[in-house]
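Each of the next two complexes has chain A plus one other chain: chain B in the first, chain C in the second.
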Partner chain A sequence: MAEFFIRSLDASTIFTIAALGELIGQRSGILNVGIEGVMLFGATLGFITAKTTGSYLLGFLVGIAVGGLIGLLHGIFSITLGGDQVVSGMGIWILGFGLTTYIGSPYTGPLGMERIPTILGLSPFFFVAIGLTVIIWFILSRTSLGLRIRSVGENPEVAEVSGISVAKTRYLCVVGGGMLMGFAGAIYSLDYNPVWNYNFLLGRGFIALALVFFSMWNPFILLGGSILFGTLWQLSLNPQLFLPGLMSRYIWRTVPFAITLGALLLMSTKWFRTKWGAATPEALGQPYVKD
Partner chain B sequence: MYKVLPENIKRGHTILEARGITKRFPGVVANDRIDFKIRLGEIHAVLGENGAGKTTLMKILFGQYQPDEGEIFIGGEEVRFKSPLDAIDLGIGMVHQHRKLIPAHSVIENIILGHPRAGKILNLKRAEQEVLEICEKYGFSLDLNAKVWQLSEGEKQLVEIIKALYRGAEVLILDEPSSALTPVETEKLLISIKAMSEGDLAIVPFITHKLPIVLQISDRVTVLRKGKVVSCIDTSEATEQSLAKEMVGRDVIFRTQRTTVEKGETIIQVNDLSAFSDKGVMALNGVSFSIREGEIFGVAGISGNGQRELVEVLAGLRKPEGGSVSLDEVDITFADSLKRWRLGIGYVPADRIAMGSIADFSLVENVTMNYYFDHEYYRRGVLDTKKIRELTNDIIAEYDVITPNVDIVAKCLSGGNLQKLILARVLSRKPRLVIVDLPTQGLDVGATEFVRNKLIDAKKEGACVLLISEDLDEVLSLSDWVAPIYEGEFMGILPGEDAKRELVGAMMAGIHLDEESA
Partner chain C sequence: MKIGSHELKLERRVSLSGWQATGISILAIIVALAIFSIIFILAGVNPLTAYAEIFSYAFANPFGLPLTMNRSIFILLCTYAFIIPFAAGLWNIGMAGQLYAGSLAAYAVLLALGVKEFQSAELPTTLVILMMLIAAMLGGAFIGGIAGFLKGKYNINEIVVTMMLNFMMFWVVSFFIKEGGIFMNPGGRGESFELPPSLQPSLIFGIPFTIFIALGAALLLHFVLHKTKIGYEIRAYGENPTAAAYAGISNFSMPLLVFIMGGALAGLAGYHYFGAVPGVYKIARNYGYFGDLAFYGIICGLISRGNPLAAIPVALLFGGLSIGARFVQGKMGMSFGVDFALLGVLMITLVAFQFFYRYKFIWENSKGEP
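== the complex of A and B ==
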């Protein structure tokens, strides 16, 4: 039982860090639906690096760097070229899926390194995730940079007139966000489940994406949601644990999406909007072209 | 803060000067060799019809556009602005016609956005303190922690004014400051403007309509027409008539005369109608009235007193909570909007950009919106585009809509022309009842006159008109019946000739007719 919860929290760690990466990008107005692809890149290249060099540190660094690089690519397409962000994101996912399968297959199998030590039975990255949540919340709500990010995501034109560079701010966010996604991927392949297999993320990136919408773009709700989703995910792996024979794992896995849909429906009600205002960053997904 | 002005500039001296400013856009010379001076501490109104080039001039002074020719001087020194930031640094502030605020953010966040002294970690306490000092100095009151989306138009504008002042503006440019405000808010704005000019700021409001405001507050006035300065005089030498003539280039008949025509059958009969607002409160509270052929029924009131709900219920866009409506003795209380169009209700919404038209559709397509359901214009489900195109060309000619052709998209039309187009497509259907919501809001004097005359023509042809307006003069000069509305109720229904300004003004503020006469 305790092990079940530990596994759930470990699973939520990956959701949290990846979703935080998506959240800062979205807060600046850039949607990256290719989060699963970015994570696959980070996970695979981080795994290969660690396996060949025997260094966890290098593995993580490569995972983070690759994530940042893909983020940059997404930025060039959607910020500088003003392309459709959904198209670019889908491209990243398909590319990530194909390319990592191709690069990774020779390395199929376990990592074969000593496991990363745990703290109180939990992965140390769980605490990193909590730290990151607090830091990102602080940056977004209490700093000048955060105000700039939020403004750019709400109304780039207004931000620009106020003397803020929309492009710079958005690049910062997509690259930083990509790094977090790559990091989350590397945590998966180096710590959570250090065995390489093709498509081993099984849609965790998409759960992280849903999580951002569920969180109403608030890091703390995101953290809570990710623990909930982590638990549900874990349940989907061992459904017999609580409700034997009730539902197949594939049904269980859709539950986070159903919950997210519910949250989105709630957010779009008149009641919610008159009470809290619109939660979605106003300019999300829209290219900004200066005239 | 940014004290950039030479200290020797005193009240009454020229602080900002533009010489020979020319700006061309494809097909138009928006500014044609404009000379313009602003003195410290003055209120210098800039007047001109839509398209006269006011906004362009202001954007040049604010560094948003670069002039093709001409120079700008501040305190006698030539300056060049590469972007608005350069202008802001030299003490120029601007409040745009369309709000440049982020609705999801708080007032204080909007004010400090992009401010060089905001610091790395936001010190909201200090910023609030400084902003409050500004508010105190000029007598503004505003909740700094409210979210901008919760504010009224007037409050939003105040946020922008404060933002400019917080950035150290000494010349404050206001583009059409009163166009979106209610009369009460306009009054407040005028008081603020006065207070700011006493505090040694130069204020430059740009105004298209509402000439009385110009006369009331400004020290000097510059009139632009077709990109040129036609006059620059002390306001004390101007009258409403003289200004209007200079703006338009011909005499303007100010008060459209109420023409009484033969009244016919009752067209619309409304009994005890009530409706909820979006927020779920009873916004329309049991109104009853009827309008006959040849009558204009004017509802006077400040926005937000149930007008919107009334209009939407009558147009079929909102469900009534109680009461009944009949048109030509047919009950339409619950009829949908299409049925109402077919029965002869024509509706001209208040927001011509969001509700009246589709910005990216061509003029032909926009006209189609009110015709696609007529058998005359489609055959077996396919639209007869040729016929609609002819119709569009006809109504554009008749209504004097200025446009190169009918295939340009609606967003390219100026406000006045767009309103004419919308009015044209509604009136060309020869409706029985025309509902017009704030029909002349934001229009210049020429277009306003045109729209009002068209409404009078409609009633002459036997239609009836429900006119919703915040402009008391408009209601009084056009209506056969005047119904001041307050908190969802009519404070009484007065025949046009008995509706005196003071009386209607008092009723709009919530005094019931019975109390008044008692």
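== the complex of A and C ==
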């Protein structure tokens, strides 16, 4: 039982870090629906690096760097070229899915390295995730940089007039966010489940995207949501732990996705919105063109 | 950038003619293929040889051409499943889930008629096939309709919803065809029971009859989107839902309608691959592969800019490319997934080219002399 909860927290680590990356970007007004693609890139290239060099550190660094590069690409498409952010995000996801399938397939199989040591039975990245949550909450709500990011996401025209560079701030956020997504992908392929397989993320990136909407752009609600979804995900993988024999294991696999739909439904209701105060960044998804 | 007395400048397009859009789309495909040659070079394959192999296998080979046609019909139906919501400004990336549902519904008809048990249906073949088609449309429309309903009623992001439904339906198919599911093949190989030969629709010049459905859908969609009131309302909603609401266009029924229509077409794509393509005639074990191929529909829809007629040649090209890429992968000993890598490169190049639909380069004489 304890093992189940530990695995759940490990699963939630991936959701948390990837979703924090998306949250930063969205706070600055940039929507990236291609989280899954960025994660696939970070996971696959991190995995290949670690496997060929035998170094976890290099694997993680490559995962983070690749995530940042893909974030930069999304920035170029959506900030400099002023394109449709959904088109660009979908492009990044399909590129990630297509290219990593090809690049990774010769490396199919287990990583074959000594596992990363745990702290109190938990993956050390769980603590990293909590640390990142606090840091990002602090930056966004307590620092001038956070104010800058939020103002760019709320009203870029006003921000620009008050002397903030919208483009620079947004680039900072999408690249930083991409790095976190790549990091989350690398945690998956190097620590959580160190086996490379075709399209192995199975929608975790999209759940992370849903989590950001669910979190009302608050890092702490996001952390709570991630732990909830991590537990559900783990439960769907091992239903026999709690409810042996109830429903086919295939039907259990649909549960996290069904619950995501339920959560989205709940948070779209008027009751939820007025209770928690929806703080959608006003300029989310809108390209900003300086006149 | 300045060269002599002339300067290269970017200018925002005021309008974009059909021919200009076509030109940009063709250029995007050529650039994507050029970029993709890097993948061939890295794998130690001469890109010119590779492309020659791809095109000759896909379009001039007696084995390859029928595969290309089957694949193109599939991509075309998936494209239409994408295009209709796209005309309303909505993203249907749930073709995979919708086509799984369509296939399950089509096979449910057979199960209900006792085909699994007796290997034949008492009803006339044409009637059974017609029932399968209708069931496939209803199945796809139902899953599509969920996304449309949630968007229309609660304004929930349709991208997340359709993607969640893809994953759910993926496992639901496993539930039905594997480990004792009701559609399981008695041989138990993790696939559905097979269509008896009497229910395998006959081919026309080696091509499944579903080609007429796909081409018919092209004409119908072209007519509906451009010549009817409902098409006008769909496009008006796509331009600006708020303004459309003032004009009396329901912000609830519009998303629901476009997703039901799109889902129905994706359902037909499911019937096509698992009910009409020679050599398959069952919900195959690797159904997930076909679900992933459905994403070609997104690119095809984007590159043809939502034009159902323009999508026909694009789907033919992409069908051929994906079949040819898979062939070259085997022949040149490249690793798995060349066709998916090509999908990705085409997509990202297209994203970059979106820019040129809005801007153009112009040469300006900076000294004001001719």
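Here are some notes:
Methods note: the second predicted complex is superposed on the first by the 256 of 291 C-alpha atoms of A that agree within 3 Å, B and C clash if a C-alpha of one lies under 4 Å from a C-alpha of the other, contacts with A are read in each partner's own complex, and residues count from 1 in each chain.
Rule of thumb we're sticking to: a contact is a pair of C-beta atoms (placed from the backbone, for glycine too) under 8 Å apart; a residue touches a chain by one contact, two chains touch by 3 or more.
None of the values given here were measured: they were computed from a predicted structure.
Contacts of A:172 after superposition: neither chain B nor chain C is touched. In the overlay built on the shared chain, the residue A:142 is in contact with chain B alone; chain C does not reach it.
Applying the stated contact rule after C-alpha superposition, one finds that A:282 touches chain B and leaves chain C untouched.
Partner contacting the larger number of chain A residues, of chain B and chain C: C.
When both complexes are overlaid on chain A, the residue A:216 reaches neither chain B nor chain C. When the shared chain is aligned, no partner comes close enough to touch A:181: not chain B, not chain C. Legend: residue contacts after superposition of the two complexes on their common chain; A:158 is shown touching chain B, with no touch to chain C.
By the document's definition of touching, of the two partners only chain B reaches A:150; chain C does not. Once both structures are placed on chain A, no chain A residue is touched by chain B and, in the other complex, by chain C. Residue ranges on chain A touching chain B, taken from their complex, read 142-148, 150-151, 154-155, 157-159, 161-164, 270, 274, 277-278, 281-282.
Put simply, chain B touches chain A in their complex at residues 84-85, 88, 100-105, 109, 112-115, 118-122, 147, 149-150, 278-279. Of all residues in chain A, those touching chain C in their complex are 33, 73, 77, 81-84, 86-88, 90-92, 94-99, 101-103, 105-106, 198-199, 202-203, 206-207, 209-210, 213, 248, 250-251, 253-254, 257-258, 260-261, 264-265, 268-269. Chain C makes touch with chain A in their complex at residues 39, 91, 93, 150, 154-157, 159-161, 163-168, 171-172, 174-175, 178-179, 181, 292, 295, 298-299, 302, 335-338, 340-345, 347-348, 350-352, 354-355, 358.
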